[in-house]
Structure formats: C-alpha cells, structure tokens
Amino acid sequence: MIAVIKQGVTDNQIENLIAWLETQKVHVHISKGEYNTVLGLVGDTTNVDMELLQNLEIVENVMRISEPFKNANRKFHPDNTIVDVSGVKIGDGHFAVIAGPCSVESHDQILEVAGAVKQSGATLLRGGAFKPRTSPYDFQGLQADGLELLKEAKKVTGMPIVTEIMNANHLPLFEDVDLIQVGARNMQNFELLKELGRTKKPILLKRGLANTLKELLMSAEYIMAGGNEQIILCERGVRTFETYTRNTLDLSAVPMLKELSHLPVVVDPSHASGISRLVKPMALAAAAAGADGLMIEVHNNPAKALCDGAQSLTPAQFDDVMRGVTRVREALEL
Amino acid sequence: MIAVIKQGVTDNQIENLIAWLETQKVHVHISKGEYNTVLGLVGDTTNVDMELLQNLEIVENVMRISEPFKNANRKFHPDNTIVDVSGVKIGDGHFAVIAGPCSVESHDQILEVAGAVKQSGATLLRGGAFKPRTSPYDFQGLQADGLELLKEAKKVTGMPIVTEIMNANHLPLFEDVDLIQVGARNMQNFELLKELGRTKKPILLKRGLANTLKELLMSAEYIMAGGNEQIILCERGVRTFETYTRNTLDLSAVPMLKELSHLPVVVDPSHASGISRLVKPMALAAAAAGADGLMIEVHNNPAKALCDGAQSLTPAQFDDVMRGVTRVREALEL
Amino acid sequence: MIAVIKQGVTDNQIENLIAWLETQKVHVHISKGEYNTVLGLVGDTTNVDMELLQNLEIVENVMRISEPFKNANRKFHPDNTIVDVSGVKIGDGHFAVIAGPCSVESHDQILEVAGAVKQSGATLLRGGAFKPRTSPYDFQGLQADGLELLKEAKKVTGMPIVTEIMNANHLPLFEDVDLIQVGARNMQNFELLKELGRTKKPILLKRGLANTLKELLMSAEYIMAGGNEQIILCERGVRTFETYTRNTLDLSAVPMLKELSHLPVVVDPSHASGISRLVKPMALAAAAAGADGLMIEVHNNPAKALCDGAQSLTPAQFDDVMRGVTRVREALEL
Amino acid sequence: MIAVIKQGVTDNQIENLIAWLETQKVHVHISKGEYNTVLGLVGDTTNVDMELLQNLEIVENVMRISEPFKNANRKFHPDNTIVDVSGVKIGDGHFAVIAGPCSVESHDQILEVAGAVKQSGATLLRGGAFKPRTSPYDFQGLQADGLELLKEAKKVTGMPIVTEIMNANHLPLFEDVDLIQVGARNMQNFELLKELGRTKKPILLKRGLANTLKELLMSAEYIMAGGNEQIILCERGVRTFETYTRNTLDLSAVPMLKELSHLPVVVDPSHASGISRLVKPMALAAAAAGADGLMIEVHNNPAKALCDGAQSLTPAQFDDVMRGVTRVREALEL
C-alpha cells in the first residue's frame, strides 16, 4: 500500500502516522519527493483500513498494491476452485447450467419445467420461493410452500436445487436447498453474509446492481472469512443510464473476476437485460467469454402463464440456447 | 396505467389480457391507433404488477400515470408529515440537526461530542454502533457496547439518539434508540423493512447508492404498509463515474421527494462527498434547497483520533456550519 | 406517441394542444380516464419534438410508440444493410475485422503491422492519425503525415484504411480514406455529423461514453438524413462506476441495435476495457453475440514501442484471437 | 507521480523504463518493497502521458500526485480569476446572472425577455441561436438570424450576450458575442477548444454529461494552452440512473472546482433537472454552495409559446428566484 502525504505536513505528524501504522504490523518505507512524501507500507496490509487512512487530514491519496481480499484472491490460491453442489461440480472446466422459473408457482409448473430443462442439459434447478420485490404490493413468492415444491421437483428429477435467501432466520428452512443464492440487493447485507459464512452450504453470490468487482470479492470474503469457501460468483448486469435494457450485462467481469480470484463465475443473462430475445446471444457470449456456467429463466406455458416475463424462455427456446452454448464451448475447447 | 400492445397481436390475445386485468379490479379502456392498440387501466392500479405486465410478450411498453406508492404519496396525503422523535419534531417547518461521530468509540468521546454538538444547536445525537463495512477485516463497531454508550450520552444530554440497525434480530437492543437508521446498503433489504414496519419506532431511511427516488419511496412504502408511518427520508449521495468525491450528492432529490411525498427529507453531506471541506457548502446548499434537516459527522479530537475521517468536522467547524445554516434559513424565512 | 395530460387541466387547454399537434400533421385520439386524459398521436410522429411536448406544463408524461429514427429504423427497412468499404463488405453475414495500431508512428511500424494483420485475416487497416486526447499536453498524432503513411500501407497491402476524423475542415485530407471513423467524444458533434452526411464515404460511428443506443441511432440518423446511408455502428464500452476496466463493454448493444436498426454493428474490445488480456475473451463474446465485425488494436514491437498500450495485442496474440473468432462463427454457422 | 511495477519484472526492464522516463525530464526515485518496486517521478510530470504509462505491461498501477493541468490549477495560480465579459465581472466575489430564453425565437420575444430579466437583476443575456438537438428533425435554432436578434437586444438593453458555438467555422459570426458558450456535448470537441484558445473571447465551458471534474479542467486547459485564459466553468448536471430528473445536478462540483482551480464556476439549474419547479431550490442551493453565478432559462409568454419548456421560468418566477438568491448571498456575506 502506498500513502502519499500532503505538502506542508510536519515531520512530527509523519512520525506519528508511521508509529500508528507500525502498531498494525506493517513496515513503512519513506520516500521524500520534491513536493510530496510517499510512504510504502510493506507486509500484510489486509487489515489496514484503507478508507480510514485515506480520510486522514495529512494524507493526500492512498493506493493499494495488493488487493484487500485474501481468501478469494488468486495470488494466494492459484488453482481454480471447484464448487461441488450435491455432486454437480462447477469451476475449472466443469460447466453448470442452472435453469428454472423465476417463481415457483405450482406443483405441476415446477415439475414440468424441471423435467424439460433437465432433458435439455441443465444440471441445477432454480426457482424463486422468497422473492425480493421493489413494491410491497407485488407478489412475494410462495415462500415456505415454494421450498416444499422445489424439494419435490428435486426428488423426482434428481437435480440439486438453487433458491434465494433473504433472511438469515429462514436458514432452517433451507436445510435441503443445495445451493443458496444471495440476490443482488443483499450483496452488501453483511449480517446475512456473516451467517452464511457459518453454514457449510455452497453459496451463489450475485453482484449488486451498482457494485464494483472489488466489492463483490469483498462480499465473498465476508463469507469465506467465516469458514465457508464454497462460493460461486454471478454477474447479472449493472445499473447504467441505458434504458432499452433493464441492466447492462458486464461480460468483462468474467475474465476479470477469474483473473483476480480462483472462484467460479457464472452469468445470468435473463435478469441482466430483462428481455427474452437477448438471452440467447448473451448466453452464447458468456460461454465464449469463459464463464463457468449460466443461470437462465425458463417457464413452461407462456401462453397461459401471464406471470412469466419476457425475460423467460420457453423450454424449446432453452433447448436451442443449450445447443448453441455446447457448440461454442466445443469450438473453443472449453 | 397505460399499456401499449405490440403490432400484430390478435384480438383474441388482447381480450385474454383484458380479462386477466379485470380480475385485478381495474377497468380497461381500449384505444386502437393506426399502428398500435393502447389500453388505459383505470381504478386502483397500485396492485398491478407493472414489471410483470411489461414483460408480457404482447406488450410493447407500459407507463404508470399514478405512482405505485400509496401511503408515501403526497397526492393522497397532501399535508406534510411531522415525525416526532421523542419530542424532537422533524418536518413541516421543524428543522432537525442530527450530529455525532461516525462510530461510538468510548464513553469520553461520545459524551464530549454530544455536549459540543448540543451546544451548537444539534437536536439529535448520532453515533454508529453496528457499522456496515465493505471489508470483513475493517472495524465493525462497538456493537451492543456502543448502544450502551449512546444511551449514557442520551441520559446526560437529554438528546434523542439515532443509530443504524443492520439485522432485525437486533431490534430488542434498540428499545431505547429513538430513531432507527436504515443504511444505504440495506435500503432494499425488504425483510428488514417489513420488520421495521411492525415496530412503532421512527425510521430514518437512507437512499441506496444506486437507487432511484421511486425505489426509495417504495422502500418507505414497505415500512408504511406494515403500519409504521413515522419515516424520515435521507439523501446521502449516489454512485456516479466522478472520482474526486466518494459519491455525488443529489440535492434535487430534496424538492423532488417533497413534491412526490409528504414525508420529511434530510440530507447527509458528510457521507456524500467523504471530504470534510465540502460539508459546509453542501450543508448550506441543502438548507437552501428546503431540506427538513441535516445529518453531520462530528468528532472531538481529530489530532488524536486517527479513526476520524476527513469527512468529519471538529466541534468548532460544526458550530460554524450551524451558524451558516441558521442564517440561510432565516434569510429564506424557512 | 402517447401524451398523458395532467389532472386539473381544462378542456380548453387540451383543445389548444390538440390544435397545435394537428398542425404537425398527426391525428389525435382522446381517451378520458377516471384521473387523466390520454392523447394518442397517430401518423408520422417523427417530426414531433418529444422533449418539447414533455416539457409543457399541462403534460404529465409522453411515451413514444414508434422510434424517432426513420432511416436507421429496421421497421421501415427490414433487410440488413451491407456497407461496401472499397470492396470489403460488412453486414448481413459479411464479417469484417479492422485491425492496426492505436497511432500511426512510422513507415516501418504501419507497414509491419499491416502485413501481419492481413496475414491473420484482418480485412481493413486502422491507424490513428488525428488523436483525441484528454490532455493538450499528450501526443496528438502524426496528423496529415500519419494519413500519408496509412495510404502507403494501403498501396502495399491492398487493405482499405480506417481512421478518425475530428474536424470537418480536414475532409479534403480524407479523400483516400476508405472508412471515416467518428470517435466516441464526437458522437454528438452534430455539425460534424451533418458534414459527413454530405459525403459519399462510409462512416464508422462509435457510441459515446455515456450515450444511449437511441442517441447513437439518432446520430446515425443525422448522417443518413443528409443522404449518406453507408454507416457502421460501433459499440466500444460505456462509462460506469466500475474501476478495474476503463469502460464497461455493453455487448447487449449488439443484438439490441440489430433489432432496432438494419445497420451493421461492430465491436471494439480494445478500447472498452483498456486491458489487452481482456481483448480475446471479449472478441470471442462479441462474435458469439452476433457482431458484424471487430475493431482490434495491434502493435508490432511491444518490447521497444513504449507507446503501445496494454490494450494492444502483438501480431501473434491477434492471430490467436482470429482463430478463436473463426471457430466461434463456424460453430454458430454465422 | 507514482508508478508501481508488477511483481516478477526484471531489473533490466525497470532500468529501460527509467531511462525512457528520464528523457522526459523527470527524476525517478526507486523504492523496492517486499512485493513490488515503486517509482516516484519527481519534477514537472505534466507532460508524462499517464495513460500510456499505465498501459505498459510491466506497470501495475500509476497515481498522480500533482494534477495534470497547469494553467487551470489553483496550486500555481492561488488568486481567483476574474473574467471580464464586456464590463461585467465574474469571479472572486463578482456574482453574475445569465438569463434568457432557451432559443431566440423572434425580435419581440428576445427584447421582451431581455428587458424583463435585466429589471430583475440579470447581468448577461443568453439565447440559443445554434441549437444542439439529439434529433436531426428537431428545431435547430434560428442560427445566423438568431445572432442578429441577440445583437439587437444587446443594443437596446446594454447587456452583454452569451450564446453557444457548435462549429469553429462560425467564429466570424460570433465577433459581437461577448461570451461564447461551449455546450456539454462539445466539451471534448478538442478541435473546437483549440480554435477557441486562439481567440480573445471569454468562454463559458459547460461540463459534459458524463465527464469528470478533471476532464472538465483538462478541457479548460486546452483553451488556456492556446493563450486564452478567460474561462468560466459551468456545472449543468451529469447523467445518472435517476429518471425523475433529466440529469443530476452535482453541486459539490462548485466547491471542488474552486478548490482545484482559480477559474470562476457558475451553475445552470435549468438544464440540469429539466423541470421548472426545481430551478428555484437548485438556484438557491447553488448560491449557498458558493457559485460565482447562475445561468437560468426565462421565457416571456408560456401560454402561447409552446416551444418553451417546463424548464423555463416566467419573468415573475425569475424575479422571485433573484430575490431569494440575493437574500442567501447577503445572509452568507458572499
């Protein structure tokens, strides 16, 4: 870490700062320039509170050289992590496709969709039971009943199930859930992350709507610091000024996250754009960019199911996406 | 609500849609244009799931005419709400100044700051006990001990206290807290909002880093729908591409929120910029823009307290801000 | 176009508005709701100034149904446009790869790079002669001399050349340039666009750093309205809050632009991220997403050429990207 | 300037880099850390191309200590600049109010508005003659005729005039214009900036929709590097995700720009929000934040003039704003 000291700061002030820094077990190198003094902090700077340092009156600027995440950092864990979700592997060449409806609606719906997506090659079944909705008046999901229906679909199809948690108090209900999803709006719900760090469940951590990759990795670090290292990162679009698409899918996040971290990275092209016509091209692009998996919304009967959005695919459309994704991965020998 | 139907949609499909809409207790007017058919939804459309409608294959576009928030909506509650925080009123001409340190650090620190800000005219004492930090390795606050120190400061100074909650399970600890703060990162932690809707405590709801004013009001609506109407909205800066300031304070949020809603609106100039030199001009600007109050970080001993950031003011600087704010409000007869 | 009238507006005011609208050759349908009156504008609304209408005191909201661009609109021109750049076709299945150095530096440099990229399959040669730089103290390009060097490379290799124009007064110098580039910072330099509309040269129009797809198409419309319909659109990343990458490449722009418009769409993965390691995955992703071409920076001697940035590839790296892109396009039968 | 070298870089590579840097007349200090080597560049680093350096394969990160603008930098010019616009002073306590219609429409219109705003205390008359419009089909202004009408209004009222230039070729038409405006969309039209650097006219430089304060100052530097130091900076709102307001006015830009630079800073509250109801609170806030002036749209006959937008004030509303602004400035002894 480099800290640039402001002009006009006294030697005494600098010495006080260095003394304080050294209590945090870092060595400090001083370099006096014509205009500014620069301190180089050497050693394990993970515990140094960069924001705090930046905010000191006498400090002009601070720059990290090593990243503030340890457990999630590829530098310290060069090998790709493989997350095992009840027998389905993700990462280091294992490509996973998570598919299913936005919301679990009924026994027949979830079983029909589960059967269809399995046949097309999906390896994990998703379905929302607890739904985060902007409005308190919108449908909040079938909740505990939805979880029961998911478990039935798991029994019938043998597919591990993935669903979102919104409240750490619900954890006992998630005992049979194979992969617990943290939604974009809870990516910095640190209390929830800490609780999940104490479980042994694999976690699917979605990037927040306006969070940087570094913040995403710091949230992964919250879970890992608690002892749970089974984390899958998920890019699902960020908020920009563009209005045609609901969010802007940031596919450069895939190679960037894989460079910074050893954790697997999947892409959710359904939520990013909010437009079903864009799911196929974005799924193909994500596969070509090297993603370790995809998360795609599929519904069974679009004609009847008014609740299924334009971001969902029919089983036939999903099957078509899967063929394309397989061809791209084969062509690139991924 | 207006729904524009795509070209080439059959009459039968439109009739099905109308039949479904009418089950939701809205009347539907049809208007056939040369190119498109437009449906006008009349009645209480608050319960119509706009996103769901937007996502239907046959729908081109949807536009709300009336806002989807009811309880927070000025149209239905024309008079300004006055929130009473243990005797301190906020809103409708009552101006409140919430001041105190970023984090409660010690008995002496919180009492010293509390005494100083009270003397300068602050009406509420703030202090962080549970701190949301991006990194799990950064200081997380004194937690329950911090709450105890705040209560002591309240006993000595008589000032009602304000502090952030991060976990609904902590609510029993907040029994003596007068105004419960929901931080920016939890603005869409809907489970927490629902729990707070069941309490009788006034809530200070901060705008999320990348949330629209409409989303802020929908989050207020979550709390109000539960029966708790004592809400103060807080603008604290949004995330943009600018790098000199930590966030970009959106002061147009003040008149805009006050037009859309009857709830009081306060401004936090300390967190927005992250730079203490900008606190005074932004506090004056917020007062001039018609804010119902301010939330300002003040620390006692910047020379010693390394933990106090560049965004905090000294008591003397705070006193200077208070004089300026008073002069602006008097000049504008606010 | 739909215009929603505010509550409390008199019939007289509405009649005045309708009379004014009808002078603009649109028919107006009135629909009176319980709360609001809605006007449906039917006919050619391209000339109606939507912002002006939106800004009228009596208007609550305006929504376009048909897009405000005519010449660039796929609705009116369903077939894909093929742009012919001195014999090299782009669009409707014709995939073009534009490659070359960021800046033309010397005779040897441009000839060496041109030869190398041609051999790997590039079809057009790029090279900056006039460089838009944020700082007046940074290298501004070889300017007219750079154009001469480009023309020499064209003579030797037979590749059509692409370079950026920053000033309409330079047009005489661009007589032998085959494809004129409008850079991101000039996307809304309307005076330049108008001048280019009067030429017969194909134009490569780059999306601005913070411009919507609609604004990009409106800028294409500026050129097309002048009579020049040979336009290639280019996605090159937008400005967001993310700091690891210089910009955020918005690949959903590819299918979205191709749905809205008949113009070919190419992607520049070099400028988007500013990081050479991301060029390959993003180029593959762009091809998989259905782009009509790529624009990639290549330099010859990275060891010596200090001016070549981390966003440039070596010829060998470029060759590797080309093989991958070809495999992806073959796999998808594009 | 600090450059951090990547791990694993050889001493030979570092020596080559230092040799190259020293050709640019900076001294280089080396500091070897446990993990990284850090170079400190001392001397005049204004001419070092930071982006180029950042992009080198062997460089991990670069941080400027001193800003890359010289002429606009307060460090080198501590005293406030006063810009003299044909006798009207702006800056260092001289507060200027620029008012007038969005577009010059007719002789009567501009004279009526000019008379009204002068009476209320405006010191400069604005009016658009060349209008930058997103659509080629929208009204482009009266152009040269509009300039003539402005000059007439100047003759009658004695107020200096302000209007936007979009094309350096139009400069001869601007000979009698007192203050030439560069619009947000042309803030990085570097060719135009260079031309304006060669004139002796004061320039009103508006911040681009998605440009940082540093980029704004670099654009001012383009003009100043040419010899023209008469520049007024203008904050007019930046593009964000918020949809209620057209742009987000960034008032922290006022104190921040005044800290970084000696140039005067004015605020345009009309264009920022696009909503006339927000002009007054934002004008008062801008004055309270320490702006050196305001730029406000005023039209004369809102009932008839359909072209006047919701962002324009009536003369009576403008008069009310002026009274408020005066009271705020008096209260703060500005």
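Going by the order they are written in, the chains are A, B, C and D; count residues from 1 in each one.
Following the convention adopted for this analysis, contacts are C-beta pairs under 8 Å (C-beta built on N, C-alpha and C of every residue); 3 or more make two chains touch, one makes a residue touch a chain.
None of the values given here were measured: they were computed from a predicted structure.
The pair with more inter-chain C-beta contacts, choosing from A-B and A-D, is A-B. Using mean Cα coordinates as chain centres, the one most removed from subunit B is C.
Subunit A and subunit C have centres, each the mean of its CA atoms, that are 31 Å apart. Between subunit A and subunit B, the centres computed from C-alpha atoms are 26 Å apart.
Measuring from the averaged C-alpha position of subunit A to that of subunit D gives a distance of 39 Å.
Across the assembly, subunit B contributes 210, 239-241 as residues in contact with two or more other chains. Taken as a graph of touching chains, this assembly is complete, with every chain in contact with every other.
Residues 2, 4, 27, 29, 31, 33-36, 38, 40, 42-43, 60-61, 63, 65-66, 210, 239-241 of subunit B touch subunit C in their complex.
The touching residues of subunit B, counted against subunit D in their complex, run 210, 212-214, 238, 240-245, 248-252, 254-256, 259-260, 272-273, 275, 277-278, 281-282, 284-290, 324, 327-328, 330-332. Residues of subunit B that touch subunit A in their complex: 17, 20, 46-47, 49, 51-52, 54-57, 68-69, 132-139, 166-169, 185-186, 188-191, 194, 209-210, 215, 218, 221-222, 225, 239, 274, 302, 306-311.
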